[in-house]
């Protein structure tokens, strides 16, 4: 599989998914609509969740980019794992909307919406880990990692597999906390968590420059 | 016709179509809405059909990619066949939604929805076969196939022309069976069904490496 | 202006616009919905208009591709004309939906919908002619045309400026005729109407091969 | 960070956002719908705002393109600023729709809609200024600017930070004035406001040609 078109397709899906988030923003402007001040007061979760999910998908894109740039080539299984990742990202506009609509409604439905919003991220995170694992174990990366390096990278990058369930549990206690946790996670992944995958290239480049 | 921009446009259409599937996922969160547990219980076909159609389009993309990578160039007729393929892919979000909404409703409408969902796939499959046939007969491929190889490839790749009608007939007897059949087909096409188109290149490469 | 990113952006807009057409296809599947056979009988204009507009945008993309491939570079004014072209293409899902919804309703509204559907195409056609004219007069093309060649190309390519108003007038007499006219026009533009822009390259190539 | 994929992702987001504007255009074609002439009379703000926002996003794309073409490379912070820019662009279809729906409604809601429409542009403008500032101060540009040149470029390019608030205040007095101001701003940014970033390259090229 040629890497370039996998990147182009993934970029397309991520770009569409991130932009579709705006469809969750909507005022009631029909006849006898409540005032906009009132609507902003009751609908703030939609705006907050829009911003948080936007940065989540943005950071997913940054990391997807970094991971694929470290791959020398992709096999069909890794392309399949990539589809798993993309499928869960595509559910984010839906689970974001459900979460925002039911936040502060209390009760059972709010908790289910929290779990679903968490499931989008957990599924995405599993897809990412499967993809990284495949690249490491099948030696599809540009550089060769020792077993120890491979394990360390997978743990560090795969932290999402741990923090998303934790965020979800926090959300069950106090749903808005989930948004804060997501922002913290986005900040964590905004930093490069796979530096080792890119090290050799930089060394090679600086060596070449000298 | 330059191949690169046909690929870019096709990638764009496939990426948008696959992402629009999420618009079929929706909870009723209005006042007096039924509980989410209840909605998940009645709307599970929407979620199952979302996942199945997502993988269908994902696999269509993988095969589209493989087919075009085997083409040396494209003529206007093959670009037209490509548009036929894309048009039917674009109907998938619509026919998926109809199928999911009418599944388990029984009666005539459910059967029509099954046929329409099948028609999206059959039309797409016809577009694919026309495109492959054109590439083979007009010698637009990177490598030259013998008549026998061309015929074998078209039969093997064009199997969809047979299995989609069969899935549809199965769906008429028991609609959920269609989803299972689609998953099996996606699995079949996830494997490379046009190896011969790519063989020469690999030989050439390995020869070059030695 | 770098040509590559103008192409990428235009491909993106055209791919999204062509895919959004599917949002006009929808069955009423609510409680007490009319049967699907009945809905297919009354909503056939939506399906016919979907297919016709899909091929219109597909052919617009083919020609956009051909025109830009003939350009050596773009200036800011040509990028602006390209935006005019894209803006009218983006209105096609809206005017297609209006046309399909009001077809056979008779009366004034049907005629206004016909005019609007025509306006999308006329505006797009004007954008194309402005773009081609700019490329010709500012010598932004890969090859240099004589004044006579430039004029002939602009007339031949700009035929849309004549045929779209004619289609619209036909549509005022019998609205479904508009769809047929659009199919004929798409067939006309499916063939290369700017061969002269690409001639030199081919000569150069074949010379190089000998 | 590799520049190419940042451009591809940004192009994707901008292309989707600009095309989603069409979803704000809609006629009521249900039973007992008001005539289209009447609807065009009352809904003209939707059409005017569609055209204005379309050109705003088009011009944003032109400038984004120009700015990134002047960058030698991007760091993670500049990618983050780019996400801020894109997030506000993604809100434009929403704030455009609110503005158009509430224009001429008078009262408090109209003023809030004006402020929100202004906020989309102001946030986008801040994102642009942060991105340019980062590129200048971290010396990520292709050419090196003197402190004075850097400051001049940032002021000239960052004018939007001043003119968007002014447009919004004008809109509070007479809302349609905002659309006219936006058109003027789009015209200003249609011209290259960062010529200095591209100068060296041209000099280098013309020197190379001699």
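Here the chain labels run A, B, C and D in written order, and each chain numbers its own residues starting at 1.
Here is the rule we go by: a residue touches a chain if its C-beta (ideal position, glycine included) is under 8 Å from a C-beta of that chain, and two chains touch if they have at least 3 such contacts.
Bear in mind that the values here come from a model prediction, so they are computed numbers and not experimental data.
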Copies chain B and chain C - rotation angle from C-alpha fit, nearest 5 degrees: 90
Equivalent interface positions on chain C and chain D, same or different at half: different
Whole-Å gap between the CA centroids of chain C and chain D: 26
Distance between chain centroids, defined by C-alpha means - chain A, chain D (Å): 26
Between chain B and chain D, centroid-to-centroid distance (C-alpha), Å: 37
Junction residues of chain D - those touching two or more other chains: 8, 12, 15-16, 20, 23
Chain A residues touching chain B - in the complex, by the definition given at the top: 1-2, 5-6, 8-9, 12-13, 15-17, 20, 23, 76, 79-80, 83, 86-87, 90-91, 93-94, 97-98, 101-102, 108-109, 112-113
Chain B-facing residues of chain C, complex: 7-8, 11-12, 14-16, 18-23, 25-27, 29, 33, 35-37, 40, 50-51, 54-55, 58, 61-62, 65, 69, 190-192
